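The structures come next, written out as structure tokens.
The following pair of complexes shares a single chain, subunit A, combined with subunit B in the former and subunit C in the latter.
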Partner chain A sequence: MSRAPADTAPPPRAMGARILRREDQRLLRGGGRYVSDVTLPGLLHGAFVRSTLAHARIIELDLSRARAVPGVVAAFGIEDLRGLVRPMRAISRAPGYRPCATPVLADGKVRMVGEPIALIVAESRYLAEDGAAAVGVKLEPLTPLLTMDEALADGAPVIHDEAPQNLFNSFEQTIGDLEATFAAADEVIDLEIEQQRYGAVAMEGRVAVASYSAAEDRLTAWLSTQVPHIARTGLAKHLSMPENRVRVIAPDVGGGFGPKCVLYQEDLAVCGAAKLVGRPVKWASDRIEDLQTTIHGREQTNRLRAAASSDGRVLAVQADLRASNGAYAVWPYTAGLDSGQASENVTGPYDIRCYERRVRAVVTNKAPMGPYRGVGRVLAAFSIERVMDVLADRLGIDPLEIRRRNLVREFPYTTATGLRFESGDYLRMVDTLAEAMDWERVREENAALRASGVIRGIGVAFAVEQSAYGAKAMGSRQMEMTFGYDTASVRFEPDGRVRVAVGLHNHGQGHETTIAQIASEELGVPVGDIDVVWGDTAVVPYGLGTWASRSTVACGGATILAAQELREKIVALAADMLEARPDDLELVDGAVAMRGSRSQRVPIAAVARRALHEPHLLPEGMEPGLEVTRRFMPPDPGSFAAALHGAHVELVPDTGHVRVLSYVVVEDCGTVVNPMIVDGQVHGGVAQGIGGALMEHLVYDEQGSLVTTTLMDYLVPTAAEIPPIRVLHQESPSPFVPGGFKGMGEGGAVNAPVAIVAAVNDALGAAGNGANHTPLTPEWVLAALKNMNRVEA
Partner chain B sequence: MSELRNVTIEINGHEYSAEIEPRLLLSDFIRHEAGLTGTHVGCEHGVCGACTVQMDGAPVRSCLMFAVQAQGHSLRTVEAMNEGMDGALHPLQQAFHECHGLQCGFCTPGFLMSIEPILPEAADWDERQIREAIAGNLCRCTGYQNIVLSVQLAAKRMRDGEIEPPAPDAPSLAEA
Partner chain C sequence: MKPPQFDYHDPQTVDDALGLLAEHGEDSKVLAGGQSLVPLLNFRLASPDHLIDLSRIPELAYVNRSGGRLRIGTMTRQSTVEHSPLVADNWPLITEALELVAHSQIRNRGTVGGSVAHADPAAELPLVFTTLDATMHLRSKGGRRSVPVSEFFLTHLTTVIEADELLVELEVPPVPAGTGWGFSEYSRRHGDFALGGASALVTIEDDVCTRARIGLLAAADRPLRVEAAEKVLEGEAVTTESTAEAARAAVADINPTGDIHGGSEYRKQLIEGMVRRAIDKATARASR
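What follows is the complex of A and B.
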């Protein structure tokens, strides 16, 4: 690569550059520090005894034999922890929501397989498991309710007394004149969309380490969490401790994807145990525990009706959404996430003014559902994109053309449910995808190949991504706490190096690099001189962690605000040092310089030294130090990225496998901070989405036991199942966010299952009455191929 | 608890001795007895590959072996990957860095240990072959694309000497 000589080249811009990640060095050298790597003097190890039944009364819990096992230090049931750890109760005061309690250990009843009943603490994990094996549990089975139909049936037993009819949540909303619109419609489409239960399955399971100092009444917990401060608030609350005596450290975390936003019973139990035994305690989930008890996602249905005109405009949509939320509502988010977010997004990126939603979150005897990458929005995209494909098929219109006719064209645009798409150019995204996939030619080729027995199809999925929820949007849920801001504290050290402390959590997203890029852009300090710290409540200001694609918007925005304020002070101080007017100065390349002058400049390091080590030389009235903390509230109801995915697939007639031949993503997340990192986020999301479309499934048997408890049974895609993914960028900055960012961490996982299903349906020549469910297993594909051949014959 | 055994295992050129239970997994010995926490445990049933280390030069899943079985063998873990390189990264680690072949980093040491021995052959492989070859390790963050690029880059560099890292949107070096 040829480079311009250093003295003539413009200073490299940090924003938008493909800068390699800072965090890689430790992670590549085996120097990452994950919670399971934490070791402390006197550390004990925990193992949980878990329910083997989905719904049962606990008749007897006998811990005496476990306590006698060599190496076992203590054994705890609910009676041992009741006075110390309060049950969690995720609150929403929104109409129709029923809060239910989650005890730290099962309290008289178990509601799901894997529910923790007892905690054994021993000198090693091996010995703790010996102890767990010696615990006597007698359970009296109750009827397990595993499907939503069973749970909602008249006379079904009630899983939580607080939730009659087994409903966590139930509400309806009508926007516009549905009746008249349907009556006047040329076309009415009825669909029943069904998504299976699948989940994040991060490569690192959940881990907790707790250390308590009775002398100081201080608790330190290392948690593999995405939300250190929310977890701290939760620990303090449920352990009845002052929050300023609790510290949560979330160091490197081996993948989050949502489920690590939740406070779990095990986190509280480990802290309680550490308090009671007076020694630190560690628990690391094994893969079976992780698959059984870490938040699941997706299991939802949508009975859908759409009204359309003969020229291909969708005029009204009616959605009846149900989510199988499992046995407990997760703290602090409640059980309203999946169905609520799905129902807000059913109209997708389209201009549809007439919308009705009926929403139910159903209690079932399975693991809880909660935040998982693109919560609820997969079902929403699946629903409206199926409507588009069915309508296109009925009217003989190309699938891209039907979308062109319905897409939102003018921005800002507020949807029927009140989502405001602030900027974008959705039509251009369609054109870009058509060109990138060579849409017309591939469709013709696929048709021609059919004669020779090659069965190929092409499909698309368009979705908007509500990122960085605003405070009012979160407040409308009336939860125990309202999120909707985040924090950055930017400070210069005396040597001119910069430290940015942020409230986000970094578990693969590259924030140590991108936040440094954002700060560098504002401060004129090289990226290499900026250190980004996060993940320790004793080190960083209160923030709300990383989820819902919020970090670049919320913390990036806060970083810009703090850096801009800091910049003013730097310039004022430099003006004094240079005897110049502040207006004549600029920050470039690590110095404050007179515009147009090479000689009149002062290095930022000298300014920092003046601010911190030469207070006697400061201008009259100026406070020492160069440090600013700012909080940014993202716009309400959020910042809206958009993505259009296209998949080209081939069905293998002998095996029923779906081979993904090529995959293209056109995405618009506003200002791109680092295209390498954006692409990486898209790739990972698409892979999870392809998994969800074709193979990932958390399967319960008829007794409510999870069958897929190993990675041999729960199939995560390998490199062999994932195609090369091409990512094309379009940049429509958000006018409401400093820097113009929109979040984009989840979208890959939202569109991908839908695009794959569309492509398979196209291959089967069955857009009109094709698959409305996932996963499209080899068995299903084989049956569909058989059916297709019968029809064609 | 069963009777303790005294084992000595060579890891990264150092001998580690400990009194251990025969049921102690090799992965736990490496992490907790030797203190080499760069080796990660993702499933403990031999599927995910995160715990992969090299035993006598060949990749093995350290969660599928008991530590006592490694007595007398020579192990190598990610911590020793760039040994003798004066602090620089091994070409495979460097390629992962340049191609963004890692995100959360949890699966990465296992990938590095699995891939390193196949690099001499991989320089002649197409993308499909590389995908098949690395399918024994799971990653949940990257979608594998940049891991495939990392393998291509490292393999070609080691065979041909220095070449430029790929353009960010290049789907594959092999296609370029």
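What follows is the complex of A and C.
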């Protein structure tokens, strides 16, 4: 490869560069440091005794035998922690929401299998488990309510006294003249969409280490969390400690996907135990605990009606959404997420002005549901995309064409529920996908192959991804705290290297690289000279962590604001050093230079040295140092990326196996900082989505015990099950975000289940009468194939 | 997920291991590759007082042929057999099945004898040795005995091995000339335990099937040889129709246990399909 001479080559741009993720240097070489790696002098190990029943009264808890087990240092039940740890109560003051308490350990009653009843602390995890085995628990069974129908039935027992009808949340809203629109419609579509319970199942389960210094009244907690500061606020509140005495460190985290942005009973119990015992305590969930108690996602239904015209326009949608939220609301987000977010997004990327939603968050005797990659939006996409496919089938219109007729065309566009799609070109995305998949030809080929017994289908899913929720959008939920901003602190060290401290958390997204690229672009400093720090509340400014695809928008935006302000000071100082006018200077390639001149320049390192180590030479009145902290509030109600997925599948006739032949994603997340990282986010999301479409299912038995408690039974797709995924980028920058970014971390998981179901339905020749549920198990597919053959015969 | 306390023994010879078994018998468990036992210990589903680790006994790890018969020491790692040219050239059914056993990392640790002694009806190796008419050699402090594979497996996770006995060698007779082989199974993910499967050996002389062996995976409480299906094939040319009939015969009397990954009826259909696939493969290879 030849290179242009140095004096004419434009400096390489950091923005948009395919740079290898810098964090992989340690993560892929086994050099990552996780909470499990934390060792402290005198460290003790915890094990929880958990409920074996889904719904029961606790008659007796006997810890005496456990306390006598050699190596056991202490054993705690609710009575031992009651005075120290307050119950969590996730609050929303929105109408229809009913806050319920989550005690640190079961208090008189258990509401789910796996609920922590006691904590045993011992010299090793082995001995702690010996102690746990010696705990005596007597439970009096109550009727377990495992389905939403059971929980909502008249006369059903009440799981929480605070939620008399087993409803955490319920509300209704009608937008537009629904009755008239349905009355005038040419087509009315009725569907019952049903999604199974599945979850994140991160490689690293939840882990907590707590160390308390009584002399200082200081608590340090290492947590496998996505939200160190929110966790710190939660620990301080529920342990009744001043927040400036609590430090949370979330080092490398082996996967978050949402469930690690809430505070758990175990986090509080471990901190409480460390305070009481006077020695540090570690608890690492094992896989059973992780599958049983780390929050689940997706178990939702939508009874859906849609009105359409004979030319294929969807005119109105009516949605009755229910989520099986499990036994507890999650702090601080409440139990309103799944059904609420689904309900905001049911109209999808389409221009549908008439919409009615009924929303219910149902209390059931299962693990809590809460944030999981694409929360609620999978059901929304599933719902509206099924409407599109059914309508296309009825009217004999191509599935891509029916979408073209309904897609939003002009931006900014505000949906019936108030979501503002700020920019985009959805029609062009359809054209791009059609070309990439060779849509027409593949459909013809599939039809031709049927004669020879090869059963193939192709399907698509289009969804808009609400990301980086704004403060007003979060505030409308009236929770205990309102999120919707984040922080970056950018500072030069005396040697000219840059340190960016951010409020996000990096657990697989590549933020260390992305934020460095953004800072590099603004400061003209090489990416390699920029360090990005995060995850320790004692080190980084207050921030809200990483969830809801917010980090590049919120922290990237804050980084740009801080860097721009810093840039002004650098230029002013360099102007003084060069005896030039600031307007004539530019930051480029690690130096401040006169525009058009190669010789009149001062390296940024010299500017930094002047600012920090030569304060006596600073211009009159200039403060020493080069450091700026800024916060950015993403636009309300968020920034909206869009993604169109296409799947091509084959059904294996003697097993019912769904083989994914090819997969294409057309993604528009505004400005792409690093295409390789965006591709990686898409790949991971699609993998989780394929899992959700075909295999992942948290199955409970009739008594409410989780059956899928190992990774032999809970089927996470492996690399062998994931096809090559082709990702095509389209860039419609957000006009409301510095840098033009839109969040995109979740879309892969949102669209993929929907696209796979659409492709399977197409293969079965049953787009109009196909599956409205997931997962499509081989057993279901084989039965559907036999049914199809009967119909064709 | 940590095991309860146990005493750990690592004998260096078979005689030492047999001595420990004679002493601790019912209170002990034999640790081979640990791919099934260690999870059982960690789940606290097994809690032996004594764990006797065989991994330091070199005399139990070998693959050779003597008198035309394959002999495999029970502590031979599955990957060793998988990559053995002797096995691939003469008993290719074993090689084909081993490629379907879990993942290569597990086959590097898992042993042939461990899998056979564990006797999971969904495991490939017990079925392969059933199909190949193997003989199982057992030793105890007091003596030794040999058991034909047809009498070895009793039910789920249970064999004829007594508490003081050790499975030391698997002996496999030669496969007749003109025999083709096929092993087919279906699992939802690569490397998982199969929901169902089948193995087949088909010997063809002058276009006629002179001998057939058909076995079913995950169809019953033990690996199942189905003579009814074999009889359908024997004495005739193998055709699409006879293959389908053999497959129907193979599953006629089975009632596989259903679970969350597939109900009994589904598994029955699945196994029928796997029998067809296995016979198709075996027939094509026999005719070559």
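Everything below uses one rule, namely that the second predicted complex is superposed on the first by the 785 of 793 C-alpha atoms of A that agree within 3 Å, B and C clash if a C-alpha of one lies under 4 Å from a C-alpha of the other, contacts with A are read in each partner's own complex, and residues count from 1 in each chain.
Please note the rule applied: contacts are C-beta pairs under 8 Å (C-beta built on N, C-alpha and C of every residue); 3 or more make two chains touch, one makes a residue touch a chain.
Computed from a predicted model, the values in this text were never measured in an experiment.
If we overlay the two complexes on their shared chain A, which of subunit B and subunit C does A:Pro778 touch? Say first, second, both or neither.
second
With both complexes superposed on chain A, which partner does A:Ala720 reach: first (subunit B), second (subunit C), both or neither?
So A:Ala720 meets both subunit B and subunit C here.
Just to be sure I read the superposition right, which of the two partners does A:Gly71 touch: subunit B = first, subunit C = second, or both, or neither?
first
Could you say whether A:Val707 touches subunit B, subunit C, both of them, or neither, answering first, second, both or neither?
After superposition on chain A, A:Val707 lies in contact with subunit C alone.
After superposition on the shared chain, which partner residues are touched by A:His507: those of subunit B (first), subunit C (second), both, or neither?
So A:His507 only meets subunit B here.
Applying the document's definition of touch, where does A:Gly32 land relative to subunit B and subunit C: first, second, both, or neither?
first
Considering only touches as defined above, state whether A:Ala94 meets subunit B (first), subunit C (second), both or neither.
Touch status of A:Ala94: no partner.
Who touches more of subunit A, subunit B or subunit C?
Touching more residues of subunit A than the other partner does is B.
Identify the partner contact of A:Thr655: answer first if only subunit B is touched, second if only subunit C is, both if each is, neither if none is.
The second partner, subunit C, only.
With the two structures laid over each other on chain A, which partner does A:Ile677 touch: subunit B (first), subunit C (second), both, or neither?
In the superposition, A:Ile677 contacts subunit B only.
By the touch definition above, which subunit A residues appear in both interfaces, subunit B in one complex and subunit C in the other?
Looking at subunit A, the two contact sets intersect at 125-126, 130, 286-287, 712, 718, 720.
In the complex of these two chains, what residues of subunit B are touching subunit A?
Subunit B residues touching subunit A: 1, 21, 23-24, 28, 31-32, 36-45, 47-48, 50, 77-79, 81-82, 89, 93, 96-98, 100, 102-109, 112, 127, 130-132, 134-148, 164, 168-169, 171-172.
Looking at the complex, which residues from subunit C come into contact with subunit A?
It is residues 1-5, 44, 186, 188-193, 195, 260-263, 266, 269-270, 273-274, 276-277 of subunit C that touch subunit A.
Using the touch definition up top, name the residues of subunit A that touch subunit B in the complex.
For subunit A paired with subunit B, touching residues are 1, 18, 20-21, 23-34, 36-37, 39, 70-71, 125-127, 130, 200-205, 252-257, 284, 286-287, 507-510, 675-677, 679-680, 682-688, 710-712, 716, 718-720, 722, 724-728, 748.
Help me check something: in the complex, which residues belonging to subunit A touch subunit C?
Against subunit C, the touching part of subunit A is residues 125-126, 129-130, 133, 286-288, 654-657, 694-695, 697, 699, 707-708, 712-713, 715, 717-718, 720-721, 777-779, 782-783.
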